[in-house]
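First comes the structure, then the notes that go with it.
Order of writing sets the chain letters: A, B, C, D, E and F. Residues in each chain are counted from 1.
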């Protein structure tokens, strides 16, 4: 077991923590309500301090430790979280993830909110890591989508990175992705790409969802092509046609059972909505140390 | 198929819609970012109108239609959503859920946000309904927990009701639940209950997590007892001991495989965290009507 | 009885209503909580409409009707409030103040929030009118202070105007008022006034709290003098000394029993903190019309 | 006089302070406006430190010291408030309540906001304590209502607890209270209770306002009965009928003159709206220490 | 003169208007303060309607009409703005830009806020158009930077588009731009690009600020190169070296006097901070129609 | 060169810093977006510390150092800004303004936001100082207007004070200014002033825009007269007519070329909109210290 250490965000010491602050505050207000934590205030004296162990009940990949740390710190400035692993690390069932020390009220009042963040983000990291491992040895990267939980996109995309995945667009404003519904209204790929090129800045990439019109797409000034709901055979054929001229992205109902074969088709990217919309939470719990206080 | 109708919340015409407004706004801002929907603005003229079909790709229980309707209305006041089902209804794979009409830009820009709400809430309703059906014929009700997505608790608990489930506490301030971690700091159940009774108002119920000290709990002035991580046999024994004097609640790792047996133990309530923390999203999509505009 | 009419703010059709919007929203969220109005949602169908009568249980001066109207409208866009009196009007015990029509849920869910605004603001208007009437025939105007309820200052100062009172400063930034505590740190009135004159814009007035140093204050370039905690005799003497060169303001523990005598001392202004910090609410209730729906 | 000590919330070291933060911020912004504290900035140097005494001008019960402390700390991180009493303690006229030390600007700029919180909350605690003392020796507890100041409910209900009172519902979502206006729309008590039982979770209590239908109410599965606007004789008769099967709550225009007699009727709870809607502020002032700086 | 028409955003019917809403609200609150528009409320009756003409005092390019329209609509739902030009159109000195109709109070209270948006955005569009015209006939596009007014970036970048300019990054999260300060900490261009490629998603472009290490940059997998503070001769030499393999961007102190020569160097993009940080406002005024009301 | 010192606001140690906090936060969120600072997170390790020099590229007057300091502190609590000048000081081209020390990520991520505040505010201070110097020796003070950037008024008016200018109204609620558009709706100056006097508190000053009706204005109970778009000769004539009975304010298109002559007309105040709406930013840059880390 690694020595306990103060937590540190995996790839974002300043900006992610800054972005998460209002989310943490809103989550605590949602749980505390307008009346306060009745149970804790009734039972635990404000002077009481405690320590608690955050323990993985199942094996998985941890993500969100600095968020958990900030939850407790929002309630008690002196609270500290000492981690025995880092975001992105694998843990086994029963492993000690971190220790929290601080006011006993802050630990009990913050427990559920901290775990709600930690379990969800670790669930996403765990699901991502599973798929990333399944495509190891191919050129394919596993990417997320915009199918994220309303309000939590920045954190969920961070969890995907903790699991070894790659981030697709953050939102509608940082890349152009011309999908079927756009083409239904635009008429032709060509017209759509020309308009997008004029509107988007020079730092914006353009991707087109193109199934039967792949050859047509290759004639446009685009950066990537989205190959939606294709079989591995169709994907392999598409990769041969593209021949490295564009980045190829497979998507559509890809699961742990099919991803390896999809990856072997030669696509550059496999985007998987369920990383964020359907990953089960990783079971992580908090046990107050009986000898504490 | 039912006739299309204007949407209506299942059990909350005023307050849930009011509560959801800032969430909808935040979710849209998260997706639109600071730069706007580059793709749609480039390709689709602001005068263009369109209609689209919201379709269930898999079978399940729908929840969140009025939220979806508000997403589009936030972008285009004239947008309307005509539903062919109501929240709480079951739909089959391929079923038309609703039709959206309005500005084409609003439909495309709002699509992902509307679906992110609708798919998540319908996933929760679907998972709940499955468990509720499994305990039909017993006295047990299926309830949620506080293991909800940060920021979305009110909506997720609404989705549980749409699936036929029952709501546990909304937060730390609307009921007292004395759990193991509290008892670790409080010393005795008796001391904890007395303190809670003094702090909580007369309209607050008190529940105690009590495994080996069940008989001791029965002597306190409490309303319910939480029986965590017990086998069906242990639960049955506990129900016999309680003998109707308190409400009995089973919890802890209960799944679709075990819930029927748990229910047959005679407990009043089965609380299941995975309803909200691990239910997979229901796959619902939006298809722009090609003949529209 | 006057005919019912659509409500209208007394002296502010645009800006006060605009300012009040976030307060109304926050007040509703505070009451609705995260779980929604359990009682109303359980009992009243979303389609049900209703009308209700807002009735004064005691005599007083009404203030806040447009705020009440906005509370209901926030929950139901079609809700309307038809007033039989205007803000600033006196009503007798039992008088009909207004009628509300709209969704039955919106009326029941909004009732307490609407009344909480209306009763408090009407209480302030009533208390103000009582004092204003007591000084009728003198040159003295009755003014409020900054001793207002945190968050409600704009509305409470509006209520004072509805009662015939005058507004003192809105905050620390719209006038200079050099009080004893400032002078304790500044050394001399002269130094304080010179510094304030340099810092404040040309549109800012300066008032000095000056008890024993009144003659000294008269030599400064100031607009008003605050005479705190003086007897009517002392005030009369101060008015004679000032002799119209400055505006004179009496303050400090003035009640309905003493205000007439204070006013006869010849001061221009009498400021009374209890208008806003201690006025009892005016008892106004809401009765659902049994024949409605 | 007790020794000065650092402040501590009476029954909520973590959650109430957390909830109050945005209120404190909004109150300061309301007072500082957009232009800043003209007077203080003109007269007092930013380097100047000071100390001030917070003194009770009248006798009463103190509530809100930690809120006052946070007001000053929001303007100057180094500011500290040393209290000579705790929230809930009685003080006599002229008693030293606390001492503030910090930047002189922060003390002067924060003075009014800190006192506006402290005087209002102490006024509520004082009014509550007076009634609580009047019912001493009976079984009756004194409770608040939802007739609170918009935006301040959590703090005002805390002040009621500081005065020895008990809290009724925090909002519409933490208990069911079926009032006359609901019954006017619901038809029968029975139908209303059945619907409420189905909607509310198992941790929600149900109370019914029931005057002439008391016997009917006793047949329902409810927890409490609200006896509104009854004479002490009627209350006594109702208590005999209920005979301990439900909690009995008296309400409606109860004052310091009538509360003792109401309590002697044997009711469990007496709820009093004026605790929060009409309690006069307790007069507490702040005096800058002349020798400071 | 064109016929008056209802306003419409140039390239963003849904998302920009949605993004601007909180800014408009904050700007109005800033101007209205806590006391309301004293002058207008005193002088103008709430029933009074009026119309006013928005007139260009100098020639320029208009931007921000829909924002101005929303300002008035925020104060009076019935207010309408009828435009005689569209965003992006040139107007001469004295030209009628639009007519506003609605409540007279809303027009007067909203006037300054509406004009503050309109004059600033039109100033940016005018400055952009001037530079865009000066590079006509070259391959160079004129682009903005992140040197925008805090809080107004989305609107200012929209104004740049109205003036015919192109948008650079919206923020730190939608493209990678490795500048001198990064390289000072990173060691080598190569190390920096490899790290950025790993962190950024596949839809992110990478640009490097590279002066003397241009050849080194060409060996990296990047999309664009920033050529800062070069003379036109140096730029021309750099363009020859790059030879179309990357997009070339010139920046650094480029003015109306030098931009044409910079453009003739063959660069693809010229980014100009002063478009947003130093463009003088376009003088546009509002005249109430004397015959109105 | 002065010694480096910790920053301190020029005339506002408590309230301006407090007011600026949400602006700083919003500006950072605008730049960081939802995805975080991709470049910095990819290239710079979270443990890395750095120092950087903030340097004036052109000569001018500095304003906004404490705001810049808070930007860095928002991202890294340990960051510190050591200033070599104070707000309001003149600096030459190339002068060291301040040094920043802290986490390297925080410095790079906060750089642009800090400079966007600092350059704009310093630009305003510089433009103000230029005009203030041009009227030295006359009685005229240079004042700002309400033509400020939406959202930044408090900071921009602070910058005007740093440049030696004087502040006009902060908003519509802290003084009455009856302009042409009001008079167009009010009928007569007399009627407008009487109404304003009744509505405004005793601490509010009243100014009237009066061109041909100057003599009429002198008969009203007002404090100042706005002389808009007059020639210096007309202004001189107006000053003679007023003869010290009111404060005289010149406005309308006054530039560095005309202000001295305007000042010599004897007016008390010259208000200049371009101080805030058109002052070019002062060019200030940040250079990471290569030897740092």
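Here is the rule we go by: a residue touches a chain if its C-beta (ideal position, glycine included) is under 8 Å from a C-beta of that chain, and two chains touch if they have at least 3 such contacts.
What you are looking at is a predicted structure, and each value in this text was computed from that prediction instead of being measured.
Common neighbours of chain A and chain B under the contact definition above: C, D, E, F. The chain pair with more C-beta contacts between its two chains, of D-E and A-E, is A-E.
Ranked by distance of CA centroids from chain E, the top chain is D. Between B-E and the choices B-D, B-C or A-B, the pair with more than half the same contact pairs by residue number is B-C. In the contact between chain A and chain F, the residue numbers used by both copies make up under half of all numbers at that interface.
A centroid comparison over C-alpha atoms places C as the chain most distant from chain A.
Centre-to-centre, using mean CA coordinates, chain C is 33 Å away from chain F.
Taking the mean of the C-alpha atoms as each chain's centre, chain C and chain E sit 43 Å apart. Averaging C-alpha coordinates per chain places the centre of chain A 50 Å away from that of chain C. Measuring from the averaged C-alpha position of chain E to that of chain F gives a distance of 22 Å. For chain A, residues touching at least two other chains, in rising order: 11, 15, 30, 32-37, 40-42, 109, 153, 167, 170-175, 177, 199-200, 204.
Under the stated contact rule, the graph of chain-to-chain touches is complete, every pair of chains being in contact.
Across the complex, chain A is touched by residues 30, 33-34 of chain C. Within the complex, the chain A residues that touch chain B are 23-24, 26-27, 30-44, 48, 50, 52, 104, 108-109, 111-113, 115-117, 119-120, 123, 146-153, 170-182, 184-186, 191-192, 195-196, 198-200, 204, 274, 277-278, 280-281, 286-288, 290, 293. Across the complex, chain E is touched by residues 11, 15, 141, 143, 161, 166-170, 172-175, 177, 199-205, 207, 223-224, 247, 249, 268-269 of chain A. Within the complex, the chain D residues that touch chain F are 28-29, 32-37, 40-42, 46-47, 74-76, 103, 105-106, 109-110. Those residues of chain B that touch chain C in the shared complex are 8-9, 11-16, 18-19, 153-154, 157-158, 167, 170-171, 174.
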